[in-house]
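Can you read through this structure? Questions will come right after.
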C-alpha cells in the first residue's frame, strides 16, 4: 500500500515534470516556435525522464535489496538470547520475527516480539528514507532538467537516445533469457556429468534410467546414453513434418494461388485453431483413436505394430503443426514477386508448372523458415508423445515401434518420484542443455543457409 | 502467508486435496494449496528451508529417505512430523472384454524381467506370449502398460511384484547369485516392448485397456474402483484387489502413503495442527471416511490410533 | 535505320479493341495490324495503354483481376479471345520479355531450358542442350556465359539478365515476341546490345516493342504506333511518323511538347 | 523556354563527390553547382547516377546500407556530411519528392500537416490549418480536395497523389526541393500540371529535378546537367545544352543515338 | 537470309508447335490434379479440425448440465444444531448436511441398516448443503418449516442419469448399488430428478467432488496470467523487433540475436519453467503458484513468436513510406512511431495472437513454478495462488472419478472459447487499425 502511494506520487511528479518542461520550452521559444531545436513536448519528455528515471531506479533497487538489508540489520541487533542461537535456529527465529512483524502472528517469546517490533520499525524507517530520497531525486531531476532548457537544447536527440537504449535493452532480453536458461541448466548438468561420463551420455546407445530409488534397495544401475532419445526425437519430429509439410504446403499453395480471397480469409484462421487446441486433446486423440487404428491396420497387414507407436504420435503432432507451415508459407508464397510468375506464364507454363518450378523455389527461404518453426514446436512437444508413443527409449528407425523424445524424458524425469539429486533427475538438466546446444547449432546453420539463398535473389 | 501449502506426490494428491477441501469448508482457515510435483520434487521443495517461502507439508508415495532427511537438516528443516495415512493398492487389470487373469508373482516376474533364468543361466527374456510361461495363462501377447521408472508406483511394483516373484522362483535360487546381482536380475524390467512405459496418467491407461483387450495395465486401485464397469482387476497369487483384501493386507501389492509436516511451521502458519487433526479424524481416514471413498485404503484400527497419537503429538520423525 | 517494308502480312490484327480494368477503360476501340517480319514500336505518354495492348496479345491480362476485353483480336486469323483457345498454347506462340529482367532463380541453363522442357520440345538431353545453346547464341549471350551455365541466372548483370530473358523467350520458338520496355532498366551499353539483337531477330520473328524512348523506337523499329489516352492516334512507317507525323498530337509528342 | 539566368548563387556545391554502394562506385568525382532561384535538371541514361547525386543532397543515402560518400558537398557553404549535422534539420531544409508518389496512408490533411507538426511550425490549430491550405493551394491541389481533406491520401489519383507529395514537401518551407522523376508515373495532363507548378515554385525555392524525358527538361529547367556512367559530362544553361552541346556524348544522347 | 533456311525455319516452327500441342492434354490433366491435391490438403486439415472439435464437443457438452434431486427438507433447529440461536454465525456453521441426510432417510424409510443409510445419503452431493445455507441466510424465517429443495446430486448419480454408467441392476462393477439404482428410479418416477444448467462449473473453484468442481478460479487465473504475459511480451517483443529491423546494423551481433531468438522458439517450454523457478522464485523471491510468475514465464515463451512475426510485419512496410517521412525531416524514431509501427500493427497483432494462443495452452512450465496445484479459492490478485485453464484440464484428466472425464472436455471447450474470444478481440483491434489508416 505504501509502495503504491509512493509509486503514484512519483508518477504524478513525472507527469507534472512533463508539463513543466513543455511550458518552459514554450516560454523560452517565445513567439517563434522554430527557434527551438526540438518540439516543446520533447523538452517535456526529457524533464519527465530526468525526474522519473533516477527516482524509479532507487525504488527498484530498494525493492531488490530490502530483504537482505533488513535481514542483516535485524540479525545484528537481536536480543542476546536469540543472537547466540545456531545458524539454523537463527534462520528460524528470523523467519518467525518476519512472520510476526508482517503477518501478525502471535510471537512465541518476548525476545521475538521485541525483534519483530525492531524489524517493523526498521522497515518503516527504511521505507520512509527511501521514499524521501526518491522524491528528492525526482524533484531535483525535475528542477535540474528544467533549468537546462534552452532553445538549442537537443531534447529530441536526447529522448531518442534514451528510447534507443530501451530498444537495445529489450533486444538483449533474448540474450539474457538464453544465458538464464544455460545457467539454470548447467550446474545440475555438471553434477550429472560427475556421475555419468559425458561421453557415455552423448554417445551411449542405451537409455534405461532403471536405478534404485531408495538407497536400501539394490536396484540395477541405470544407463544414460542419450542417443536413443535424440533418435526418437528425430523420428517423431520427422514423421510430424512428413505430415505437416505436404499438407501445410499444399494447403498454403491452394489458399494463395487457387482459392478465392473469401475462402482463404475463412480457412486460414480456422486452420490456425489447430495450433491453439491444448495438446492434451491431441494426446487423447493419438492414444485412443489413432494408435489403435494403426495397430489394427498393422495387424490386418500382418505387421507387428506396438500399441504405442512413433507413427501415431508423429501423425497427430503433424496435424497440430499444420498451421505453422500453412499460414507462414501462405504469406511468403503470396510475397513472391508477380514478375516471376509472369515470366513463366509468358513462356506458356500452366499454373501448376509455374508454382512448382518458379514460385516454390523462389519462396524457399521463407518456407524453410516456417518449417523450422514447425519443427521447433514438434521438438518441444511433450504431451502427445507421453500419451501415444510411450516412454521406452528404443533406438530404432521403425515408426511402428515405441520411442521417446528428449522433451518427454525431461518432463517425466523432473516430475518423477526419485531423489532430486539422483542422476535420474539431474539427467533432465543435461538433456535440456544438450537439446539447447543442438537446436542452437541447427538454427545457426539454418540462418546461414537462408541468408545464402536470400543473397541470390534480390 | 496465511495459507497452508502442500507439495509432493501425485498419488497422494487426491487424498490430501480432499482433506484440504473439507478443512477449508470449516471456514476457520483458508483452503490449503496442494501442488502435484511428484514425491522427489516435493521433497526437494519441502527440505529447502524454513519460512513462508517453503511448503509446510509434502506428500510422499514412499517413506522419506535418509539422504533427504540430511538435506532437510542441512537447510534447517530439523523437526519433521511423519504421518502415514494409509495404503494404496497397485492393481493389475485388463478389459472386461477379455477373460479375467489369475497371475502369480512368479508369472509376472518371468513375463516382465529383462533377463530370466533358463538352463542354469540368465538369458534375455524369451517369452512373448503369456501361455509360454504357463499354459493356464491366456494365449495373448505379453503387453503390460505401466508406469515409467521415474515413478513411485513403478518402484513399489518392482519391489513387491518383481522381487517377490523373483524370490519365489526356484530357478533363480538355483543360480546362487550374490545379493547385488540377484537384485539387479529381479528388478530390471524388459525394454523390448513387453512392458510399455505408459506415462503417469492412469485414466489414459484405463482407456487404452478398454481399446486394447489384450493388454494388462498397472495402476492405482482407485482407478480400478472408478472404472469397474470397464476393467477388471487380475488375481495375484489368488487374491483379488478389493478394498477389503488390501485393507486386511492380504492383497500383496500395496504401499503405504505418507505426508510429512514441518514442525517449525506449526504455530507460525495458521492451521497446520488443525489440518493434521482433520487428516487423522475418523471421518477422514477412518474405515468409512471420505478418504476411503477416494480410494485410500485405511490402516487397521490399532495402527490408525497409534499414528494419530504420534501425529497429533507432533512427534519427531525417527528413521 | 530501315525503311518501311511492305512485304509483311498482318500477323496480329485488332479491331475495335477495348479493355477495362474494373470500371476504368484503358483502351478505346483500337484498330491495329502488326505485320510479321517487322519490328513494331508502340510509343506514347505514360499510362496511354501501350502495355495494356501488348498484354492482350498473349492474354497476360487474364491474370489481372477484373480485366475485361471487348472487340476482336486475331493471331493468324484465329480469335485470340475465343473460348476454346488454350492460353498455354497461345503463350507458347506469343513470347514476352518484360520491362524488368525477371530471370528465374535457377541456373542459366535451366532458365533457358525451362520452356522447352514444359512443352516437351526435346526428345533427349542432347537435343535440349542444342536448343539452349542456339537460343543463347541467338540472344548474343553464349560467349559471355558458356563457361558458367550452371550458375544462377540472377547473378548476371542487368543487361545479361535481359538477354537471358530474351533467350528464354526464343527457346520455345514463338512466332511473335512482345517486349515491354525491355531496356528501361539497362545501362547504355547493355541497351545497345539488346537493340542489336532485336534487329537480328526481326527476320525470323514478329516483334512488338513498347518503349518510352523515341530514340530507341527510331533506331529499332520499322513501324510505329502512337497511343494517347487509350486511343491509337497514328500508325505508320517509323520514318514517316518521326519525320512527318500526320496528327498534331503525334507531332506534339515527337517534338517534346508534352510527355 | 527560359534563357539561362545568372543572378542565382551556388546554393548547393559539390566537389569531387564520390559515392559507393558497397563495392560498387556510383559517382566519380562530381563537381556541380546548383544555384538558388533556378530549376536545375539532371539528365542522363538509366543508372548513370542521377538519383544517387540527388539523394546525397538530403543525405537520403544514409538510409541505404553500405552507402559511402567521399568528397565535399555543401549547402550554403556548410558541409552536409559534417559529423555534427543534424540530418533531421537538414532534411527540413532540403525537401524531396519521389519518383513514385508515396502519400502516407493518412488523411489528406494529415499528410500535409505531418511535416509542420514534427517541426513545431504551428503554434495552434488555426495556424496549422493555414499552412495546410496554403501548401495545397500552392501545389494546385486545393480546389480538387478541399471538400475531402479528411479522406485518405492514398485514395487520390496518381497525379493528385504526386501533387499531394509536393504540397507535403513545401509545407515545411524547405529551401531546396529535390524531385526524382516526379512525373514518370503520371499521365500527360497530370504531368502538365506538375510542370506548371514547378515553374511557379522556382522563384521561392531552389529546385533540382531528375528526369528521363528531355522534353520535360527542356520545358521546366533553366540549367541542365548531363550524367553518364557516374560522371558529370556537361553542365550548362538548358538552352545551350539542348541546342549546342559541347561534348560529343551529350550530343549523342540529346539526338537519340543512345539512351 | 536465304530461302532454304527460311523453309527449315518454318517447318521447325510447325514441329515445335505440334510437339507442344501433343503434350497439352497431359499437362492440363496434371494441372487439374495439382489443384485437386491442394484442395484435398485443405479438406484433410479441416476434417481433422472438425473431428477434434466434434470429439471435444461430444464429450464435453453434457458437463454443462448437472443432475438435481428434489427433496422435502424439514429445517428443524434441533437437527441444524443451532437451538434458539438465529445469528448469522450460527446459521453459517449449522449442520445442513445432517438435515439433508435426515430428509433422505425420511424419503426412503426402507433404508434401515447403517450401510443402507450411507447409500441413501450418498445419492446427494456432499456440497448440496450450500443451497440450504444460502436459503436460510436469505430468509431465517424458514427455520422450523419444511421446504422443497432441488439439491445437487452426487456425481455417481449424475453419471448414471447421463447414461455414462450402466443403470442396469445386478451388474458387476456398477458405481451405484442395486438398491441405490432402485431409489433413483423411484425418485425419477416421481419427477424428483432433473438436469439443469451447471452453474457451479462457471462460478466456483476446483473441488475433489466432480459435481462441485468449477472453472472460475482457473479462468480468473488465466486472465491474470495472460494479462501479465501480454503486458510484458508485447512491448518487449515489439521493441526488439523494431530495434532489429529498423535500428540495428546488420552484423554478427544482430545475427547472434536472431539465431538466439529462433532458438528460443525451439526450447521446450518446461525448460522455461526451470528458468522461472531459478530466476523469479529462487533469485527474485516471488511467490509460488502466482499468476504473476506464470505470466512472466509465459511471456518469455511467447516472446520469440511476437518478435519473429513483428519483424516480418515491419519488413512488409514499403520503404517508400520510410523515405517519405525521412524526407520531410522526421527522425528515425518518428518515422517508426508515426508511420511504420501503425502500418505493421495488424501483422504484429497476428503474431501476438499466435504467441498468446501458445501461452494459453501451456502446462509443463507451470509445473515448475507451482501452478499445477489444487486451489479452491478464487484468486483476488495476481499474487494469490491460482491455477490456469490448461492446468485444470491436466489435473482433471488425471482424476480417477468418472465424472471428471466430461468435465475435462468441458474445460477444454471453455479454453477454446477463451481462445476464440482472445482472437476475436485482436481481430477487432486489427480491424480498427486497418480502418484508421
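Note that the chains are named A, B, C, D and E in the order they appear, and that numbering of residues resets to 1 at the start of each chain.
The rule we apply is simple: a residue touches a chain if its C-beta (ideal position, glycine included) is under 8 Å from a C-beta of that chain, and two chains touch if they have at least 3 such contacts.
As the structure is a computational prediction, the values presented were derived from the model and not from experiment.
Think of each touching pair as a link: the shortest run of links from subunit B to subunit C has 2 of them.
Contact with subunit A and subunit D alike is made by C, E.
Ranked by how close its C-alpha mean sits to the mean of all protein C-alpha atoms, the top chain is A.
The pair with more inter-chain C-beta contacts, choosing from A-C and C-E, is A-C.
Using the average of C-alpha coordinates as each chain's centre, C ends up farthest from subunit A. With centres defined by CA atoms alone, the chain at the far end from subunit D is B. With each centre defined as the average position of its C-alpha atoms, the distance from subunit A to subunit B rounds to 35 Å. We define each chain's centre as the mean of its Cα atoms; on that basis subunit A and subunit E are separated by 20 Å.
With centres taken as mean Cα positions, subunit E sits 58 Å from subunit D. Chain centres here are Cα averages; for subunit B and subunit E they lie 31 Å apart. Shared interface positions of subunit E, defined as residues touching 2 or more other chains, are 20, 27-28, 285, 331, 367, 397. Looking at subunit B, one finds that residues 10, 37, 200-201, 204 touch two or more other chains.
The residues of subunit C that reach two or more other chains are 88-89, 92, 118-119, 172, listed in rising order. By the definition of touch given earlier, these chain pairs are in contact: A-B, A-C, A-D, A-E, B-E, C-D, C-E, D-E. Those residues of subunit A lying in contact with subunit E across their complex are 64, 67, 156-157, 160, 163-164, 166-168, 170-175, 177-178, 180-181, 183-185, 246-251, 253-255, 257-259, 267, 269-282, 284-285, 289, 319, 322, 326, 331, 335, 348, 350-353, 355-356, 372-373, 375-377, 379-380, 382-383, 406-407, 410-411, 414-415, 429, 432, 435-436, 439-440, 443-444, 446-447.
For subunit B in complex with subunit E, the residues that touch the partner chain are 3, 5, 7, 10, 13-14, 16-18, 20-21, 24, 27, 30-31, 33-37, 53, 96, 200-204, 220, 222-223, 225-230, 232, 288, 290, 294-295.
By the touch rule above, subunit B contacts subunit A in their complex via residues 1-2, 9-10, 37-41, 43-44, 49-52, 61-62, 65-68, 71, 75-76, 78, 143, 145, 148-153, 155, 158-159, 179-180, 183-184, 187-189, 191, 193, 195-201, 204, 207-208, 211-212, 215, 264, 267-268, 270. Subunit C contributes residues 58, 60, 63, 88-92, 95-98, 100, 102-106, 114-115, 118-119, 152, 154-155, 165, 168-169, 172 to its touches with subunit A in the complex.
Subunit A makes touch with subunit C in their complex at residues 337, 339-350, 353, 357-358, 361-362, 456-457.
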